[in-house]
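In structure tokens below, several structures.
Note that chain A is present in both complexes that follow, paired respectively with chain B and with chain C.
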Partner chain A sequence: MKYYFRALSLHLKSELEYRTSFIFSFLSQILVFFSYYFVIISLFLRFNNIKGFTMYEVLFCFSIIQFGFAFNEVFARGLDKFDDLIIEGGFDRILLRPKNIIIQILYNESDFVKASRLIQAIIILIISLIKLNIKWNIFKIVCIFLMLLSGILVFFSLFLLAASYCFITVQGLEVRNVFTDGGKHMAQYPIGIFSKGFVYFFTFIIPYAFVNYYPLLFVIGKSDNIYYAFSPLILFIYIIPCIIVFYLGVKRYSSVGS
Partner chain B sequence: MRAYYTYFKLKFITGLQYRAAAWAGIATQFFFGFVYIMVFYAFYKSGSGNLPMEISKLCTYLWLNQALLSLVTQFYRDRELFNLIRSGNLCYEFARPKNLYFMWYFKLLGQRYANVVLRFLPLLLVTSFLPKPLNFTFPVSFNAFILFLIALLIGSFLVVALSVLYPIISLLTMNEKGIVNIFVVVADLLSGIVIPIPFFPSFLKNISKFLPFQYISDLSFRIYVGDIGIYNGLIGILIQIFWLILVIIIGYFLMKHNMKRVVVQGG
Partner chain C sequence: MSFIEVKQISKTFKLAKKKSGLLEAFKSFFKREYFYVKAVSDVSFSIEKGEIVGYIGPNGAGKSTTIKILSGILNPDSGECIIDGLVPWQNRREFVRKIGVVFGQRSQLWWDIPTEDTFLLLKDIYDIPDFEYQKNKEDLIDKLNLKDIINIPVRQLSLGQRMRCEIAASLLHNPEILFLDEPTIGLDAVSKQLVRDFIKRLNKEKKTTIILTSHDMSDITSLSKRIILIGKGRVLYDGNLKKLKNKYEDEKYISIKTKEKLDLKCTGLKSKKKSVDGYDLVIDTKVISISDILNKISKRVKIDDVDIENESIDNLIVKLYEDYKI
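For the complex of A and B:
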């Protein structure tokens, strides 16, 4: 882990070398992110609820998933860009080093500009929590922390799966964007508003619903079921097979040379 | 003119090669379209008045938006031109005996057409068989359809006129991120790709009236679904042509200006 943080700080320094470029990219990322919640806010200026959910409830839901995604983009960028690593043969170098493979992949690249999304997600989370009038208790606080953690885990698991797929095809799978970008896009809203098939798929196959739907119901008081508060824990189990699949992929990896 | 047409054709034919990428694109756009529509549908079902568009019209609008996305979005960028600028191969471009602005213009146009030709048909076919009112429907009338085609064509000229500005700007800034990215995001937002313009908050609707972006796709899509009548559509097309000419003139002279000051990167 020590190497991980050192590599990150090196990445940060190198990005800051081009200061104006960094600042403008940072600003542009703020705008990109703004366009995401702009949709939600302008729709709520017109409609007052979506299947019983209010604006701040949706924004709460939105901020959790965006936090998880942005966190991975900043701190696990290498995994997202894993196909580059395979194509360029950089993965061979990683295998030679006597350190943990996944951690090495993580710090292979990073994108600190995306931290602007992370910050905004946190701000929106705080604003919506303040505006929501929640009757706080210890479970709800724990639940929110679990939600944040599971948001990170769900994308980490998906990136791992996508990376494992690269071992077979070499090329990155473009359709995976449906499940990461598309899934992120969908999970901005409480999943209950979608049709049944969607809900089942994104509960049992890709468990977005356990990240920010069931716990959301608990936090905003739509449900008293205490199990909902701990449902994000499912992601801690979900990641295990993903890691196993990844290492199976590493085993059958043959270099593309370069 | 022939030379420019050849550039167009070259890029068009090259673009048609990327079929696997197109299938992935179709899948992604189908998914995104579906999510958008279900969100709107849930909003409509929650019954809280003040609806600027019928749900069936809205769905057709959104499917058109997804199917033609690679034609109308600013977010689509051409790596090649930016690489040219960064690597210094730009000097070869200067050596060519044709006007650089129109050369780039027709290259970009060809690419966009290739992208959209590969993508739009499967998406529209599949979505027209969805259950009502979520499906893609036929245009309101034959006249509207003809007008839609004209507006879409001019809109595509307009979007390319705007997107050729980005490499021109980065002739000076060297980095296409930053300023250009900001421009792209704002343009996409105001052209109604993120959400249709009728759903904008009213102050933003007023701002976008005085900008070219809503004439890229919003005008043509709304003519198609009948949200803008024939008469208003014709007026819209006149404004569209005005913007097209203006943006081309700006781009042309910006190119001339920047070319004098450009620093060719070594290598």
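For the complex of A and C:
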């Protein structure tokens, strides 16, 4: 893994080459991102709750998803931008290196500016946890760590699937945004506020609900079901077929070519 | 068994038909038609350790496909390839440690940071021990004259400087085989010479096996004794470059400067063309000697100037392509 961290440090160095641009992007990210939270806060200034969920419960939910997404943007952006790697032929170079293919893709690009979102997400998470008056126990603490981890995993898995699709064609990639960006926007809220169909979709097809909704119910005491506390573990299983599909794509690439 | 052993490899690509016109584009959106291209068929050759081989052929002949197969990026539909006891596309991680690849058209250096940083990343990727890394790096800096450019962000380097860094980056891990895919493309004469001299030296000192593709025939002539000519996916010629030259060496090019009209017909004169200020002739010296033909001409017209040339290697290749109908 040493080479992975070396590559990340080189990315940071590259970005710092353009220092002014880096600082301004970083600041603007903070502002843009704050506007997201502002929408939620102003929503709750008018309505007391959404289908029984209070403001801090929604912010809790929101920050978990934002954390997972921003984490991938900083540490695995190459996977998100995999189509470029295929189009520009950089993937051939990866195949010429004696290291794991996926890890090499991860560090191919990075966006450290997004680290600002990561920090914001953690701050919002801590604030909402304090304001929520949670009766803490060991399971709840473990549960929150699992939520953060599974938030990372869910986007990682989706990026992997989208990347696998690039092996077949790099056209029509916008479809993936329905699942990543579109899904992300819905999953920022407790899935339960949406109709049944969405709940099933985000439970069984793209398991966002296991990342923040079910564990949220457990942490805030709306449910005592201990299974809910460990539901983020589903994502550790979900990622396995995604990795397999990706390697099938690699196999196809080396037999079909670009 | 040879160091590199390639036996009857074939590779066919399936490509979508693209027709012009909006209607056709719309149709193909729903129903794709495919056609098949045989990129390489039945290619066989063997290369010994320490050889330099020029791999030549026109665009689309299958050069890149072969290089991709040999370096393990692509696997062929059929055929065998064993390099130093390994099958490239089966033992990928183990195999790629043995090879270095330079793509003249694609950079592996990080654009915004100095070359030395890319070197450090490569050190980690290839797990090069500190001592060895230091030794190799200094050696390459010395031989490729990188001292002043290694600490400049790559985007500020000239093409020639970048190519030198590029080559150094491919050799940090001491590969046994070096693939050079058009290493001198776009370089000026001085940089070209530097790169060539370095490659020669590398081959001599470290016994690195080198497979070189280039459209610049002077690259090939100055570096390799052996060429493999490929066209339409098949090996057309594999052997000594000199022998190939000898085959065509009997032909001489004579250009004559004269203001008068030349009327000449004789055996051994293969072609006669009017040029701007005289005539260009091609003769076969097996049939007629140079002095004889000059004698004949000078009897007919007043020669202002004369130029006699051997077949150039570029012409030779054009001729080869014509002979093999590729």
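Things worth noting here:
As a convention for this text, the second predicted complex is superposed on the first by the 251 of 258 C-alpha atoms of A that agree within 3 Å, B and C clash if a C-alpha of one lies under 4 Å from a C-alpha of the other, contacts with A are read in each partner's own complex, and residues count from 1 in each chain.
Here is the rule we use: a residue touches a chain if its C-beta (ideal position, glycine included) is under 8 Å from a C-beta of that chain, and two chains touch if they have at least 3 such contacts.
What you see is a predicted model, and the numbers here were worked out from it, not measured in a lab.
With chain A as the common reference for superposition, the partners chain B and chain C occupy compatible, non-clashing space. In the superposition on chain A, contact of A:N225 is made with neither chain B nor chain C.
Taking chain B and chain C in turn and counting the residues of chain A each one touches, the greater count comes from B. Superposing both complexes on chain A places the Cα centres of chain B and chain C at an angle of 90° as seen from the Cα centre of chain A, in steps of 10. Of the two partner chains placed by superposition, A:N137 touches none, neither chain B nor chain C. In the superposition on chain A, contact of A:F47 is made with chain B only, not with chain C. In the superposition on chain A, contact is made by A:F38 with chain B only, not with chain C.
By the touch criterion stated above, A:S254 is placed in contact with chain C alone, chain B being left untouched. When both complexes are overlaid on chain A, the residue A:G89 reaches chain C alone and has no touch with chain B.
When the two complexes are overlaid on their common chain A, residue A:Y189 makes contact with chain B while staying clear of chain C. Shortest separation of chain B and chain C in the overlay equals 10 Å (C-alpha atoms, whole Å). Residues 18 of chain A contact both chain B in one complex and chain C in the other.
Those residues of chain C lying in contact with chain A across their complex are 13-14, 65, 68, 71-75, 89, 92-94, 96-97, 99, 101, 106, 108, 110-113, 117-118, 120-121, 124-126, 153. Against chain C, in their complex, chain A makes its touches with residues 2-3, 6-7, 10, 13-14, 17-18, 88-90, 92-93, 95-99, 254-257.
Contact residues on chain A toward chain B in their complex (touch as defined above): 18, 20-21, 23-25, 27-28, 31-32, 35, 38-39, 42-43, 45-52, 174-175, 177-178, 181-182, 185-186, 189, 193-195, 198. Against chain A, the residues of chain B that register as touching in their complex are 20-21, 24-25, 27-28, 31-32, 35, 38-39, 42-43, 45-46, 48, 50-52, 175, 177-179, 181-182, 185-186, 188-189, 194-195, 199-201, 204.
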